[in-house]
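Right, one structure below, let's go through it.
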Amino acid sequence: MIKVGIVGGTGYTGVELLRILVHHPETELKVITSRSEEGVRVDDMYPNLRGYTDLAFTVPDADALGECDVVFFATPHGVAHALAEEVLNSGARVIDLSADFRLKDVPTWEKWYGQEHGAPGILPEAVYGLPEVYRSDISKARLVACPGCYPTSVELGLIPLIEQGLIEDQLLIADCKTGVSGAGRGAKVGSLFAEAADSFMAYGTSGHRHLPEIRQELKAAAGGKDINITFTPHLAPMIRGILATLYAQVPGQKIEDLQKIYEERYANEPFVDVLPAGSQPATRSVKGSNVCRLALHYHEDTGQVIVLSAIDNLVKGSSGQAVQCMNIMFGLEESMGLQHVALMP
Amino acid sequence: MIKVGIVGGTGYTGVELLRILVHHPETELKVITSRSEEGVRVDDMYPNLRGYTDLAFTVPDADALGECDVVFFATPHGVAHALAEEVLNSGARVIDLSADFRLKDVPTWEKWYGQEHGAPGILPEAVYGLPEVYRSDISKARLVACPGCYPTSVELGLIPLIEQGLIEDQLLIADCKTGVSGAGRGAKVGSLFAEAADSFMAYGTSGHRHLPEIRQELKAAAGGKDINITFTPHLAPMIRGILATLYAQVPGQKIEDLQKIYEERYANEPFVDVLPAGSQPATRSVKGSNVCRLALHYHEDTGQVIVLSAIDNLVKGSSGQAVQCMNIMFGLEESMGLQHVALMP
Amino acid sequence: MIKVGIVGGTGYTGVELLRILVHHPETELKVITSRSEEGVRVDDMYPNLRGYTDLAFTVPDADALGECDVVFFATPHGVAHALAEEVLNSGARVIDLSADFRLKDVPTWEKWYGQEHGAPGILPEAVYGLPEVYRSDISKARLVACPGCYPTSVELGLIPLIEQGLIEDQLLIADCKTGVSGAGRGAKVGSLFAEAADSFMAYGTSGHRHLPEIRQELKAAAGGKDINITFTPHLAPMIRGILATLYAQVPGQKIEDLQKIYEERYANEPFVDVLPAGSQPATRSVKGSNVCRLALHYHEDTGQVIVLSAIDNLVKGSSGQAVQCMNIMFGLEESMGLQHVALMP
Amino acid sequence: MIKVGIVGGTGYTGVELLRILVHHPETELKVITSRSEEGVRVDDMYPNLRGYTDLAFTVPDADALGECDVVFFATPHGVAHALAEEVLNSGARVIDLSADFRLKDVPTWEKWYGQEHGAPGILPEAVYGLPEVYRSDISKARLVACPGCYPTSVELGLIPLIEQGLIEDQLLIADCKTGVSGAGRGAKVGSLFAEAADSFMAYGTSGHRHLPEIRQELKAAAGGKDINITFTPHLAPMIRGILATLYAQVPGQKIEDLQKIYEERYANEPFVDVLPAGSQPATRSVKGSNVCRLALHYHEDTGQVIVLSAIDNLVKGSSGQAVQCMNIMFGLEESMGLQHVALMP
């Protein structure tokens, strides 16, 4: 059994990790930390877990964490910087769900996150936790940086085209819509029910922290060539889910050929589902599940392909993908504990 | 033109007052205060008001408020206690939307609100702002205490039965459901979209501050006789609206007679709409409107009457009723500025 | 492996059965029927099931169904009447999720459902599928009638009090709130998003088909003594979930004693969770799970107990309970395939 | 007083017309038709109108309609084709909220709507009811074709750029999100609460009937030059509202200059509100109001302008704009009866 620790288990990615791990056949949850909720039972805070765990939150302690085989950081950015190295040195592996190790370039991180990078020393060994691209590296990693929710949906949707060299000298567009849980469990006015319900808006239009991450990974898929992209996040009145509507110019193609590119690219992927061309994946079709559903639309007259990419921001966009990485790191069946059917309706 | 001041205009009852008053033909908004938002334009905070007001928030100032004809307090409890007397002394009348002057009994107020009563001196002259009961007193009042949202829905639903002496020696039940805006615009975890959406729960089951207010007014309707009632509030995943489901034992009645009691009681009321017996008022039928819609159901076999009472918590349950009181206090047409048709769908 | 057939798999209880059964380790789905969707793949209709089943809908056929070990009816009322006997005669067992066999009294069924009872011959052997009461009978049954969603929530909430003889000569109240999925997948105006969202209403106040079912079972719990109850359903703007707020008079009690009654009654129940007294179970704490969460509140001054009972109407209120019954009927671990943690947030 | 008739008053645009017209000081509602609801009082179907109208639905009758000064068609496409000419011949003017007269080219209409055009004879005199472009023509029109909801949001957002000649040889993108009321009050599975709530999806990606309308009007704004645009509608889990996110390439610009273009273009428009550059208009800021709120974002590095355009699909996107046209046609103050402040929260 893999001994698991979770740092920062009170937020939505934390409880989602728990929802998944309490049924994972090869893990044993040893410690879960929260400074603010020390001593509180996890199932007092999250009654959906009653009967599945007896754990209580403890104050983060490097020794206790170091006795684990793997430690998940489900924390705001900056926390993993401060604690990860110590945990690694104790022999545990680290899977960071925050943004701390996603960007390879320290100055870029510091610009977008507005603070000094706290762990440049271990950054080089961090592996970007997108199994569909970095599976082999993940299997050998001590430190995995899980992708952001938006980047997961955008990258899975665009990488096949980019890898095929079909995207050159153009400005891609990623018009993305997220549920409100993406803003976390922090008490902010903009996340209130009476503010966010029955309404729809864009935000971060002038620049969002997930943009440099998306650019980094699209560039990697292009073999180091810069890919230009506009990323526009929107807030939708739903709890979970991201739909990315992705626009690219690929003139002179046929939908069958594009479809084949995607089907072949993801043929062996347990958690990427390429729907028949022309499909319309709703976010509810992945609610609670680790699947990314993709669908292609092609307009022959304009040469434009539209890729629709749907994920659950808390599962494939965060905690599910983190467990998928853990399975890879520990040589387990990649889909172990991740076979949830989406809740529909 | 009546010069109007608003203390605490940043919350939901404040913006709702503004939505109503910008179209009120006999008022002129002179000052709106907020300590935290000093200098911010009202329509920067509430863009729905763009084009309707140029006002900016100012720090509360008794002199500026005293130059108004009427000052609305749309503040948390305790604020009106501290400021109302000074405003009254300047010659302005006060309409308090908070709980500060609703309870006639100081110890009861202090018990339920957990602090000392800050203005026992002016409490005796406060008139409870339920026009359907206290219209005449309101017309002469300097200080009006607007009813709570739940009490408005419950009292309008039960008073006709009580006034007729049909309720004796029994435990009434008020099973009430509110939208999340009832919790205000404060950033609380429980009011987050991701917490309150797609879910339903009771709260305050062991005791809620609106209970002593309801008891006070039902007792008044009973001519001073105590009326026993259980009040169970619930949180529904909607923005606005209260539905009160009210249960009473009135054996041996006929639905036609009960219906007649309600129709006669409210025959001349501009904002109480008695639906045909057996109707099902949805809260959306009053969304954005100052109307309370009532419907009666009677089970002959058990002698139980069920009264359904629907209001918009921010309009008849708060700001609309406050303006209705203002109209009465200043001798205006009672429905002036309050003729909004509910938004449906 | 148990061979399973589903009649009427296109509705919400049908797809929920599938969500559960595709992961059930001891069942094999052999046939799923739908007249209207003949030939359509199940996962075309419900893309959340892509990758989990290759089945397509077929026209109902008694021979094919008869080859199953168990056949679930997830159909409107009347269908199981017409088909169940033939299926039973072929040797398959029947678990009916509809209302066809819930009421023991034929005239009562005919009065409430407005049509002739189509299978009075096999009605006597039907066992009411509430495992917490009829576990032993279910284990031997050929024909199980799964309880309605509302009755499940109300009966589990009230039976402990009734079995203890604490309820006499009084009118109980069950004020119940359901999500819109309770109205099924039929295209009705009242179930449209633009009609039901951001609103709240009562319905069926004068009488609802689940009332005689509730009365039948409360009477059984009382050892044959009639129990009087008012049942008021409400429609809440959420997809899933029922919260029943139950009121009873039990003067002179202590909350500790009442709590003990519930804890002991359900001590060995895998799917009834008695929360600490004074808790507030939200429906989201059971979303997607087979658990019923109960909480007690007691008002010493009035002698009133309030029982809050939360279930997912599609799981414990329907398809989950049906699988629980199947597990009992086939001697399997009762919670097999039913260990879903509620999706929260 | 202007005598008004409404054909097809049972749908959402019909009831929204009523919500507006019952307070319009210069109109008198004479007749409202519905074949299916003949004899039903309007306020029985829409209780929000109780107290505001005594009308009942009647069967459409050309004579009764012909006695009106203006007849609104709030009908599915095809109905106005069949009836409008007769009504016009009786001397009434016609404002059609359906798609029947929006497209100037008959074959295009027939291709997208899949049926023969029923009134090509009067089509040439139909004026497209977008006051911000065709105000003068509307003032003289007998027959006005109100724009679709999506086209209103897209055209108001893009026309200033196009009129300035800034858009050439490029593929614009209109990524649009609508509330579910846009699908009408018809009972369709896809519009059910349990299908549309807590989810998000694209639809009509391969082609939507509003595309040729948008192209027609952008071309007109370009002085007859074809403008290429991709239009991707999405369904958001909210009742009302459209947000259009519009992408165009205008390299070498400054945001201040672009902002000035918009502010000047709409300087005298009562219902177009150009927000400060960089703003994020939420659809709730126009809920129930006739205003279109626009905001510009400009990325200097890519030369891309993003225009955010928010309307209420039932008001500026339909019934409000229709009344605005009526005011123009009859020489009234253009904003008469249309000064609703958006309901927020």
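Per-chain numbering from 1; labels A, B, C and D assigned in written order.
Just so it is clear, contacts are C-beta pairs under 8 Å (C-beta built on N, C-alpha and C of every residue); 3 or more make two chains touch, one makes a residue touch a chain.
Note that this is a predicted model, so its numbers are computed, not measured.
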Quick check: more C-beta contact pairs at B-D or at B-C? B-C
Relative to chain D, which chain's C-alpha centre is the most remote? C
Computed distance of Cα centres, chain D from chain C, in Å: 45
What's the distance between the Cα centroids of chain B and chain D, rounded to whole Å? 36
Interchain centroid distance [CA atoms averaged], chain B/chain C, Å: 39
Counting only residues that touch at least 2 other chains, which ones in chain D make the list? 12, 179, 181, 185, 194-195, 197-198, 237-240, 281-282, 284, 287, 345
Please give the residue numbers of chain B that touch chain A in the complex, ascending. 12, 179-181, 183, 185, 187-189, 191-198, 237-239
Help me check something: in the complex, which residues belonging to chain B touch chain C? 171, 173, 175, 177, 179, 194-195, 197-203, 205-206, 228, 230, 232, 234, 236-241, 243, 245, 247, 249, 278, 280-284, 287, 297, 299, 302, 304, 306, 308, 310, 345
As the complex stands, chain C meets chain A at residues 12, 15, 19, 22-23, 46-52, 181, 185, 197-198, 239-240, 273, 275, 279, 281-282, 284-289, 291, 293, 314, 339, 341-345
